Structures are given as structure tokens and as C-alpha cells.
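Before I ask anything, here is the structure I am working with.
Chain IDs A, B and C follow the sequence of writing; residue 1 opens each chain.
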Amino acid sequence: MLQAESLGKTYRVAEKESGMAGTLRHVFRRKTRDVHAVRDVTFHVAEGEFVGFIGANGAGKTTTLKMLSGLIRPSHGRVRVANFDPFRRQRAFLRQITLIMGQKQQLIWDLPAIDTLRINAAVYELERGEAERRVAELAEMLDVARLLTTPVRKLSLGERMKCELLAALLHHPRVLFLDEPTLGLDINAQEAIRGFLELYNQRYGATVLLTSHYMADITALCSRVLIIHEGSLLYDGSLTEIVERLMPSREIELHLAEPVPREVLAEFGEVSQLEGTSASLVVERSQVQRSVVAIFDRLRPIDLFVKEPAIERVIAPLLKGQGLGTP
Amino acid sequence: MKALARTIWLFWTTSLLAELEYRTNFAFSLLTSALNLVASLFTLSLFFRYDAELGGWSWGEAVMVLGTFTILQGFSATLLQPNLNRIVEHVRQGTLDFVLLKPIDTQLWLSLRRVSPWGLPDVLLGVGIVVYGAALGDVTWRGAIMGLGCLACSLVILYALWFMMAATTVWFVQIYNVTELLRALLDAGRFPIDAFPRGAYRFVFTFVVPVAFMTTVPVRALLGDASGPGLLAAFGLAATLAWAARALLHYALRDYTSASS
Amino acid sequence: MIYALRVFAAQLHTALVLTTTYRAEMILWALSGTLPIILMGVWGEAARTGAMPYTPVEMVRYFVAVLVVRQLTFVWVIWEFEEEVVTGRLSSLLLRPIDPVWNYVANHLAERLARLPMIALLVGLCFWLHPEAIFVPSPAVAATALGVTALSFIVRFLLQYTLAMACFVVERASSLESLSFIAFVFLSGMLAPLDLYPAWVANLAAWTPFPYFVYVPAQILVGADVDVPRAVGLLFVWGALLLIAQRWAWRRGVSRYSAMGA
């Protein structure tokens, strides 16, 4: 469905010092430097996959996404989406894709969402009956049917985003490009949108590419992740695998009947937290079962939890460029 | 084609609906247009009050030039300002991305997406004034058709110039008001080109900002005074500028960097 | 008092820094003041063939003066103010210990200073187009003209700012300014020297402050015989009236604004 080969984007940026002297110097001798937003990124995405792009701010995720959708011309490399060259933005290509950006909207502000939907239906050449069917179906999936006749400016951020999704998916695109779609939304709205995207992907087999800061988005939706750091692709594979590779351990949280000294707890694993009768131990994955049995046997805890480490913590060093280490 | 017509119909109806949320304005814009026109006619009359020659143009003829200018002004307020002056907003807010990814010609979307009824009084009043001036002279049917043809060229020329200036904001967001400069220079179109001194003035307003082609030439054609080469120049200019506008947009989008998230 | 001056100085400094950031935009706004140049071309030609009490050279000089005066007295406070009311930013300005008006004054003064090179450029252009009309006013004339121009800037600012008070009540108060602007263009001498107007129109204009915004300062600058004390007196009168009106409208407006949960 999607192929990127040695994809790269370089910007030439003018370097200017501040102040009057700097401005004058700049007029006479321009100093520029090249910013490599994306360097040699290669990957393939099959139809129906749900792929997540992770990376720090400015890492190049959005630039990559925009090259895939045809907005930005690549400086070098090849990209093909649904057998089209995206940058040519041919009509047949544009009918098959959609771009959704968090905090940026295409809905007309002063009018109800239904008016934007009518325009989109006309732009994508949908028959009126067909358009109405799709609106009804998507509105039901998103639970926004009663909101469509309210002026968009009167909707809450979450409601607006859901209507944005409706407007963007009316033409049933085969490829969805989502750039931080849940940015700024409250937990309920985020979960609702995640649920919807999952349902959409399953029901229509659409290929979805998602960038997000919220790991919850990625873990809930993406089986496969691409980690981008300073324009380069660091990792391309399953999320669980990278988590395992980077932190092959689990956290065991204990609530004890009476305080136990640190040295005693240390026998069962690395003590990461100890406060009164609560403790947390870090144990290697393969040792979890044995440790749990031993703890129950010897310490008789009131409560015991085995937790996966927070993914943010796992990925964070990677995002800072500390590399993958050896598997 | 039919789908396109349906789309533009929806563009304009939604645009009007959104504008009419601010209800006070139509009567008001009619008032301002009328007052503006009265002031302009009054100023023009001052020239004739003192027996100035105004380049050999009579009152009726000069009034037609003013009327043509008013039509162009109304056209710019109805279609050009609401659409083209918004290009810079699209670039600033990143919503140009949405426009680029719609399966509709980008230039068409950027140029026809909106319509503002507030410019219509100027168009109507301008037409009225031209008719008044025509009635004072003698205008043949042939002249009327030639004049209309030239007016169409004027509209295309104005559109193309305005579009090109607005499109530069894809590169330089800071010069978003460059279209204001164009609007200011267009004021020269209130007067027939012959009213200006020979030399720099006539050169600039014919070849640099072709105001002469926008207001003087259509009226000359209307009066049956247009020469063959003159008409050809008008059509040629319109066609060339229209092509240049499209080429410029294409070139600007090649290097489009898009706002980061 | 010293405190207020220091705050104002800081505002002025900030405004000056902003002018360098927005210089492209500023240059374009300044260059858009080309109407006097267009008019001097047409009127200059007309004066050659017509029977008006002005020679072509005098016509050109008049419009050069109009250009300078207009550039120096340009006011846009109603647009700024409307924006701040609509976006609610006015609230934060109201919390400051200094009246918001000084913010706008600082912006205008800074822009005016930054605009001076453009004005020189435009005047240079006029003289290049009409070399026979080049003139340099005597220091006394220049000083008087500058003084009256400064005064007319203050009154023009007050007029627009008073109209801006309607922002508290109406959605798009800038429409009022559009009307006022038509009257301004018509009656201020921008389109033609007012003494070319028929008597009844000129008399009507004399009842408004508009002639004193452009026509009177321009005539002073070209060295014509103007009753300067009278002009200054009338400007003061208009200024005082507008100030009273503005203060009243401001008090009413702000209490209404705060009551509506600013």
C-alpha cells in the first residue's frame, strides 16, 4: 500500500544574528545552513495496517507524514502510496486518502457541521443518498448525530474533533494520515476517538498512519511502531517487542501486613520503592513467576500486583538518542 | 462539470450563510458604496467645474471610467478579498494542507471558495454609472459588446495580479498586505489614462500596474474608439497574466514547507 | 507621575522593537499611501489646461504636503481596539495600573518613527516625478506645520478612539469608522484643495474637524497664508469635546464590559 525508500527532506534555513548589526550583515552576506528534517527513511506498510510514528518534537514524524500524504516534496528518495506519487496530488489519489490534524480544523466555524459535510460530499462527488447513509453510519459510530446541526463554534473540543473525523472520513478513504488527533482532548474524548479509529480500521480495512505524543494512543491502536529520532528511523517493528528489548523486566508492587527491612526485600528483586508497608520491586521478566511464588511464601503480602513498566519510561531514553542497545 | 457546479453552489451558499450571521452589514455597505460614489463623482465634477481638459475626455466619458473602476472595486470586494486575502491565513494556520489534499483544483478552491455580498452594491452602482455615462454619449451595440469583452479581460487581469501577489505569501507570510499596495495603485483607475502626465505616470499605469487596461481600454472599446492592436493587447495581457498566476502557484507549492505540528 | 512615564517609556520601547519585526508589513502599509501621488499627477495636468486658482506647481506642492501630513497623522486605533475587545485581551490591559490608551499611543508613535524613512522615500519619488515643484520649507514654516500636524494627529486619534468605544456595544464598530473615513477623505482636502470646492460644501466642512486634519496643515507646509491661531484654537476645541465624549463612553463601556464577565 505504502512504500517509502530512502525518503529524505532537507530545508535550507537562513542564519541570522539578532540586533541591527546582524540584520545588516545578513543583507549583504546570507549565511544558510541545511536542516535535515528527515534522513533516509525506508519502510513499507501493507493495506489494513495500523502504524504509529513515535518521536520527540521536531524529530521528523510530521514531515514524514506530510511527504507521504503529498503535501511536501521530498528532497530525495521515493515514496508511493496506493501506487501513486503523492506529491503529484492527482485527483484519483486524493480521493483515497485523508489527513486529520489535531487542533487544526476544516469544519466551517460559524455553521453547523452538516454544512461542511454537504460540501465534502459534493467535493468527493458522493450521491446525496449515499452521502446521507454514510453520515448516519459514521455519526452513529462517533455518537455525534445530535451535534451535527449545532454551530461548530458552540461544540466542545472533543465534540468538534469527532465531527472533524466524520467530515474527513465521509469519502471512505483507504489511507488515513492522523497527525496528533487527540491533542488537547480530555480523557473521555481521547478514549472515544481511539475506540472509533479501531472500529473504523477493522470495519473498512483502512490503512492508518498515526503520530501522537500520547503513548496511550499508540499502545491502544498500533501493533507496529516506527521510532523516528532526528530524522532517522531508529526502529520499525512491534511495540511489545521493543518494550521487551529495552526493558525486559516487570514491576512487582507489594502491600505488606507489617514493615519489612530493605535487605530482606532485596532478596526477591531490586527495590525501587519502599515506604512503610508498601514496596515496589523490579524483577527480570523470566524470574517473575518464581519471585511471586517466593514472595507469597515468605512475606505473606496483603496485596500484590505485577505491572508492566510505563512505556513512556521505556521509550524515553530512545527518544533522547541513547540508542537501542544490544537485544 | 455538473459536480463542479454543485460544489461551487455549495461553496457560495455556505459562505453567504456564514456572512449573514453578521446581519447589520448589507444596508450599511449599500450606504457606504453610495456615499463613496457620490464623493468620487463630486471630485470628478470639480475638474470640469474649472474647465480642465482631463486628457480630452468629456464628462460622460470620464464618468464611465469611474463607473468601470467601481465595478472592479465591487468585484474585488465580492470575490477577490474574501478569497485571496485569506491565503495567508491558510498558510499561517496550516489549513492550506486541507485545501491541497482535496480532490479539487487548488487554485479553484482558493479563488472561489467564498463570496461576499458586501461588494455587490459597488458592482450594481458601477454598472448604473456606466449606463448613465453611455446614455450621455452614443454607444453602439458593437461598442457595447467590445466593451463587455474588454471588461471581462479587466476582471481577469485584476484577478491574476491580485492572485499572484497573494500567492507570494506562501513564501513570505510577512508581506500579507502586499495586496493593499495593489489596491492603492488601482485608485489611478478612477481617471482615464490620458488625464495623467506623459512619461512615468502613463508608463507605470500601463505597463507596470496595467490600470489603463483595466478601466480606460474597456471604455474606449465601448465608445468604439478601441484600435485593433489595443484590443489584442488587452486580450493578450489577460491571457498571459492568467497563465502566469497559475504557474506561480504551482511553483510556490513545489517548495511548500507546511507548518509543523 | 514618574511611574506612569516609566511605564510609557517601556511600552514605547517594546513597540519600537515590534516595528523591526513587522517591518515588511509596515513598509507596505506606508507605500500604500500613494493616492496623493496619483492625484498630484491628475490635478497637476488639469491645472495646466484649466482655469483654477492654482498653478500646476502649486498643485503638486499641495499634494506633496498632503502626502506628508497624511503619513504623519495616520491612525488605526479602532482596529486594534476592536480586536482586543473581541478576543477578550482588553481584560488583561484593564488590569494594568495604566490606562490602555497609552498602549495604543505607544504603538502609533513607534510606528510613526519607523515610518520616517518611507515618508522621505515617497517625497523623493514625488520630486523625481515633478522636479519643477521641488521646494524646501523654511524652518519656521516647517516647525509650525509640524506643530499643527502633531495637534491634528492627537485630535484624529481621539476621534477614532471615541468611535472605538462603540465596540463595547456593537459587534462591528469599525463600520462606523468606514463612514467617518468617507467623510474624512471627502472633507479633509485629500481629494482636492478645499478652496476649489463649491462654497456650501466648504462651509459644511468647516463645521467638522476634518479640514484641520489634512488641508490646514498642508497649506501651512506649502507656505500659504493660514490663520494659524484660529486653526490651533479650533483643534483644541474639537480635542476637548472629543476627550469629554471619550471619557464618558469609556466609563460606561468598561463597566458594561466587566459586568458581562470579561
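We adopt the following convention: contacts are C-beta pairs under 8 Å (C-beta built on N, C-alpha and C of every residue); 3 or more make two chains touch, one makes a residue touch a chain.
Note that the structure is predicted; figures quoted are calculated from it, not measured.
*Asks:* Would you identify the shape of the chain contact graph, picking one of line, ring, star, complete or other?
*Replies:* Here the contact pattern is a line, an open path with two ends.
*Asks:* Determine, using the mean of C-alpha atoms as each chain's centre, which chain is farthest from chain C.
*Replies:* A
*Asks:* Please work out the Cα centroid separation of chain A and chain C, and write it as a whole number of Å.
*Replies:* 53
*Asks:* With chain centres defined as C-alpha means, what is the inter-centre distance between chain A and chain B in Å?
*Replies:* That gives a centre separation of 46 Å.
*Asks:* Distance-wise, how many Å sit between the C-alpha centres of chain B and chain C, to the nearest whole number?
*Replies:* About 28 Å separates the centre of chain B from that of chain C.
*Asks:* Specify, in ascending order, the residues of chain B that touch 2 or more different other chains.
*Replies:* If we look for residues of chain B contacting two or more partner chains, we find none.
*Asks:* What are the residue numbers in chain A that touch two or more other chains?
*Replies:* none
*Asks:* Using the touch definition up top, name the residues of chain C that touch chain B in the complex.
*Replies:* Answer in residue numbers: 22, 24-25, 28-29, 31-35, 38, 41-42, 44-47, 49-52, 129, 170-172, 175, 178-179, 182, 185-186, 191-192, 196-198, 201.
*Asks:* Considering only the defined contacts, which chain A positions touch chain B in the complex?
*Replies:* Touching chain B: residues 11, 58, 62-63, 66, 69-73, 89, 91-92, 94-95, 97-99, 101-102, 104-106, 108-111, 115-116, 118-119, 122-125, 179-180, 183, 211 of chain A.
*Asks:* Report the residues of chain B in contact with chain C in the complex, numbered from low to high.
*Replies:* Interface residues on chain B, with respect to chain C: 22, 24-25, 28, 31-32, 35-36, 39, 42-43, 46-47, 49-55, 172, 174-178, 180-181, 183-185, 187-188, 191, 195-197, 200-201.
*Asks:* So in the complex, which bits of chain B are touching chain A?
*Replies:* Checking each residue of chain B against chain A gives 3, 6-7, 10-11, 14, 17-18, 21, 93-95, 97-98, 100-104, 254-258, 260-261.
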